[in-house]
Every structure is written in structure tokens, then in C-alpha cells.
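For reference, chains read A, B, C, D, E and F in written order, and residue numbers begin at 1 within each chain.
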Amino acid sequence: MSAKRLLFVFSNSPFGNALGAEGLDAVLAASVFDQDVTLIFQLDGIYQLMKDGDTADIGIKDHRKGFKALEMYGVDTILVDAMDMEARGITESQLAIPAQPVDRTKITETIHQADAIFTF
Amino acid sequence: MIYSIVVYGAPHSSQAPYSAYQFIQAALSRGHSIYRIFFYHDGATNGSSLVVSPQDDDLLPKAWHELKQQHEIDFVVCIGAGIKRGVINEQEAARYERTQHSLNDRFELSGLGQLVDASLKSDRVITFGAR
Amino acid sequence: MTTLHIFNQGTLQSALLQRCIETMSHKDALIFIEDGVVWATDSPLTSQLLGKAPQNAGIYVLSEDLGARGLSELKAESVAVVDYNGFVELTEQSQNTLSWF
Amino acid sequence: MSAKRLLFVFSNSPFGNALGAEGLDAVLAASVFDQDVTLIFQLDGIYQLMKDGDTADIGIKDHRKGFKALEMYGVDTILVDAMDMEARGITESQLAIPAQPVDRTKITETIHQADAIFTF
Amino acid sequence: MTTLHIFNQGTLQSALLQRCIETMSHKDALIFIEDGVVWATDSPLTSQLLGKAPQNAGIYVLSEDLGARGLSELKAESVAVVDYNGFVELTEQSQNTLSWF
Amino acid sequence: MIYSIVVYGAPHSSQAPYSAYQFIQAALSRGHSIYRIFFYHDGATNGSSLVVSPQDDDLLPKAWHELKQQHEIDFVVCIGAGIKRGVINEQEAARYERTQHSLNDRFELSGLGQLVDASLKSDRVITFGAR
């Protein structure tokens, strides 16, 4: 069986709901299966990648450091919607991990090529 | 002033209960009293004794516990919302023929009248919402 | 102050924030909490909608939520920062609160 | 103690989530306390009031008939956002109960006059 | 057909639908289910956004959800009605599915 | 074709599990097989035996039961999502020192590997989402 292309799309801000933390867990689980794993961060999902931030004052565990471990797990195709970054006034230097800014055409193409897509 | 707080979100799923807790601490430190916390919608899950925080990294259950011990605050889980989300006490378990129950005994299962009563007896009702 | 509007949703709910702002009078105030704090950042996406708020209406953001998300440096100038103590104070000063979510 | 003004604001479509059904339950509870109860239907909350519809094919209980009981419970101040109805192409004859179309100014005023506001 | 987009949110999430539509190609299809069916009605609110969908992309609505909400009579002409059987058929014909919520 | 289904929403709170059930019935009637239903996020609550439908007006618990009896389908509740929402079996109850448990025995508590495995073994993975 050839490797399957698994795509994880993050569209939500961290902490308000559990989607970001649970999406990260799903990605980490997929990473051990030796498949072709891709992540897209778009819309408010981009805020999952902010370098700064400390959740001590809101009493919620900060799952975001887990995204830094992705490279170690061999997950290296991490795309961010370039227009969404610009609209939010966020630059690459403010992100916690290296992520590739891409345009919408590339996002549509990536979606088309996936075998299964998970939304968070 | 007298405050009551309405919580719509479940621990782990939503920030609402965490925000409610921080707000309550700040209100108490400003000299206000909290008459009641009403757990409605998915917030009913706050009353479950079966919610587990892996690695004990979630301080909310302990925080509710200490808040209840130190202050005279009603912790009411809406009974209608609770039973639909698997938050039931021994009595409801018997009524609906379940062998297990889940309500944390610091919380009380009661009706929506407690929400209305809270709004009549409080100067402010603050909702921490979740969809 | 009459009503304190409490908004906790991100930009996917822009239609809800638009309605919140349309509903506000100049005697009202608005506080962004939780995922809503992204609206208090300085960006092309947010400035357009925030600019429609009634003049003199206070616009606030909760510092704890802004800081947790690493957005303190990005805060828009037109938005005032308050901590939980200040959030409670806003509820004291308003006659009622309306939560949008 | 004089009657308190309790305001219930419905903004969500029925069935997708529980807010409509739970909001109705809260209104019915409030109605027995002999207070001043007002409902506002706005945005997708207007769809809570549609006259037609049958949920048998989706396996969900239809709570909407409960709104028809409101008058019996003495709840008669039911406002709908007139612009939201128009934007959705919905006319008063399509609603299950008589509701008063109002403009935004009236909605803001109603919010200002409330002692406590509940969102659904 | 390449991707079937499944959209289940109402008009408060207009920003999400806009992105869904911007992401679609003319080889894709979109089905509205659950609260998303309100987008398939004929109204000033919905027509603007739906009109931006790529030409030739199929736009569908789930009849069971439309009927449950009493909106069958209000369906927009540009949207095709399918039942659950047709929904499954759409997933057979597409290479993958993307759920928006 | 082989399908797997992912459910994010809880009964009563969200339409997602109801839609998933209708979809599955239609898929089966078209001759497809369902390999697994993976209950993630708030969908974990589908696996609770303590959820009560007042007046038995909710057919979903019974519908899951019959589906499981008539077809060979895995019903997996994500263990991580489950324990955070109070859906635990006897073993987890013992591990986390709870006196009660809540998992319906038609459902299995297992890890996210089951979600990945489902996506590898199925021709289609359909998510019924909830926020």
C-alpha cells in the first residue's frame, strides 16, 4: 500500500475551543504511521502558530508548543495562507515554526491531492 | 453587588468555564458576592465527577472545589441540560435505570427556575457563552 | 454606561460582530474576551469593522486573553486594555451585559 | 420587588445546535415567575419561528411547537428584526406565531431596558 | 468531481462560507447540510455569496434538512436538492470530502 | 466502497451524530460498508451510557445500538477526548480513581491511531463536524 496523503486544516484560534489541541493530537498520531502528512493553517488557525504567549493567567494548558515538535516527528509540510497572514498583520518572524506561505491556488491544489481531510 | 454567573461551555471543550472562574475570583476580590453559578447547555459537564484531566494539567476541577469550600456560592447544574449530557446523580440514575451516576457532589441538579431566581436576586447576570 | 457587550468569537463570526456593533449605542461598551481578542489587533481585517463602532463607545480587550495568544504587541491603538479586575469594573459601571457567541 | 425585565435573544437556526430548544425552555421557566419577559429573534434565530417543517427525517425532536405555547403562558412581547426577515426573504405569513417586526433602534432600546439578558 | 465540500453552518459563519467558496474549483461540488441549508434559500442575504461560486461547480442542499426547517418552498433555483441517498452518491463521485464548520 | 465516519458533536447538543447516522443508513442501503465510526471532540459523549433522553423522545442511542447489532462496524470513542468529557470505562475509572464509570459497552475507548488507521483502510472518510 503506497503512502496516503492525509491533510489537516486548522481554521480556529487557540484556547477558545479544543479544536487546535485535538487537531495537533491527531497530527502527532498520523505522524507515526509513515504517511504523507500535510498541515494547512488558514483564517484564525494562523493564531495557533504565534511564537509568543503564555496561558498561565487563563488557566488553560498551552498545547501550542506541540507544534514545535512536528519537525522532530518528520512532519515538514506546513503551509500557511499568505493572504490570511497579511490580513491579520502577522509576519513569518512572529511564527513559532517555519511554515511556508502559499496562495489560494496552492491550497486548492493541496486539498485536491489529499486522500483524507481533517478539519480543526 | 450581587452577581450570578451562567456558564455554557464544558471544561476542555470551551474556554467559558475557565473565564467564568477568573471573572468570579476578580469579582470576589473587588468585594462582590456571587449568589449562584448556573451551568447550562454544554456547561452542565462541569458538574461531572468523571471528567479526567490527563497529567492533572487542568486546574479547573480543583479550582471549583476550592471556590465552593471558601465561599457560599450555589453551584447549580441545569437538570434538563445535565441528563441530556450524561450528568446525573444517584436519584436520576435510579429513575432512568442507570447503574452508574456522575454528578460531583459539590454541584446540585436543579431546574431552570434557579436561573430565573438568580436573575431576580442578583444585580448582574454574566453569561460565559459557548456554541 | 448602559450595556456592556461581551464578544468571545473569532473572525469566522464576523457577521456576529458586525451585528453586535450595529446594535451598540454610543452609551454602550464592548469587551473582547477569549477568541474574540483577535479583533483587538491592528490589521486590515479588523480595522474596517471596528471603525464602524459608535463614537464614544468604549472598546476594550481582556489582557489575559490577549497575552495568552501572544497578541499583546499587535494590539490596535483604538482598543483599551483591561485585566479581569477591569472587566469586573466594566460590569459594575454598566446597567446590564449582553454576551455574543 | 417590582417585576424584572428579562430579555431572551435568539440568533441561531434550529436543530444544528441545542441553543434554540434550551432558550425556549428558559423562557418557559421565566414565564411562571410573573416577570416582564421579552423575546428578540434576529439573524438566523428567525428560522426558529418558521411555520412549516417536519423533523421526522432527521431524527431530532422538533422543539419549535413550544414557541406556539408562549402566548398561553402570558409571554406576548415577541420581537423580530424586520431587516433580518427581509434579508432572508421571509414574510410574517410564514411565521408560526404573531411576532412584531421592529427596527434596530427598537432592538437597541429593548436591550438597554433589560435587567438581565440571555443569549441563545 | 474532485472535492465535495460539506458546509453545515448558518449565516453567522458567512466568513467561513466565503472562504469555502473561494477555495473551490470548477471541478468541485458543495453540499449544504444541517444549519447550512439556510444558504440554499432564495434571498438577498444568500444570493450574493452563492453567486461567487465557480461556474460549473455543483451546489446542492440536503432535502431532509431543508424540509425539517420549513424552507423547502424558499429554495433558490441555482441549488439542486438531494436526499441522503444523493448525498452518499456525491461522496462516491468525489475523490475526497472537506467538512467546513 | 469502504467508508469511515468521524463524529465531532454530542447527542442533544449538536446535529452531527444524527446526520452521521442518517448518512450511514443511506450508505449501507447503497451497498457500501462502514469500517469504523470514530467519535472525536464532543462526539465522545455519544459513547456515554448516562445520557438520558427525557420522554424517550430521542432515538439516537437506540439507533446506534441497532446499527451495531446489525452490522460489523467499529464504534471507537477517542480515549483522549473521552476522558476529558467524562466518558470512561471501568479500567480508566480505576486508573484515575473514580468510583463510577460511564462508557456504553457497545463502544470501545481507543487512541487516535484508530482514526488514522480508518483513513488508511477506507475509500472515504466523512466528517460530521461541530464546533
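Assorted remarks:
Definition applied: a contact is a pair of C-beta atoms (placed from the backbone, for glycine too) under 8 Å apart; a residue touches a chain by one contact, two chains touch by 3 or more.
These numbers were taken from a predicted model, which means no experiment stands behind them.
Among the remaining chains, those touching chain A and also chain B are C, F.
Traced through touching neighbours, the fewest hops from chain A to chain F number 1.
Any chain bridging chain C and chain E, meaning touching each of them, is among A, D; the list is complete. Ranked by separation of Cα centres from chain C, the top chain is F.
Among the other chains, the CA centroid farthest from that of chain B is the one of E. The interface holding more C-beta pairs in contact, when B-D is weighed against D-F, is B-D. Distance between chain centres (mean CA atoms), chain B to chain E: 38 Å. Averaged C-alpha coordinates put the centre of chain A at 39 Å from the centre of chain D.
One simple way to say how far apart two chains are is to compare their mean CA positions; for chain A and chain E this gives 26 Å.
Annotation for chain D: residues 11-12, 15-18, 43, 57-58, 60, 115-117, 119 touch two or more other chains. Among the residues of chain E, those in touch with two or more other chains are 8-9, 11-12, 15-16, 34-35, 64-65, 96-97, 99-101. Residue positions 12-13, 15, 19, 22, 41, 80, 84, 125, 127, 129-131 of chain F each touch two or more of the other chains.
The chain pairs satisfying the stated touch condition come to A-B, A-C, A-E, A-F, B-C, B-D, B-F, C-D, C-E, D-E, D-F, E-F. Every residue of chain E that touches chain A in the complex is listed here, in rising order: 2-3, 15-16, 19, 22-25, 27, 95-101. Interface of chain E with chain D (complex): residues 8-12, 34-36, 38, 41-46, 64-65, 67-74. Touching chain A in their complex are the following residues of chain B: 12-15, 18-19, 21-22, 57-60, 63, 130.
Looking at the complex, you find that chain D touches chain F at residues 15-18, 57-61.
Of all the residues in chain C, the ones that touch chain E in their complex are 11-16.
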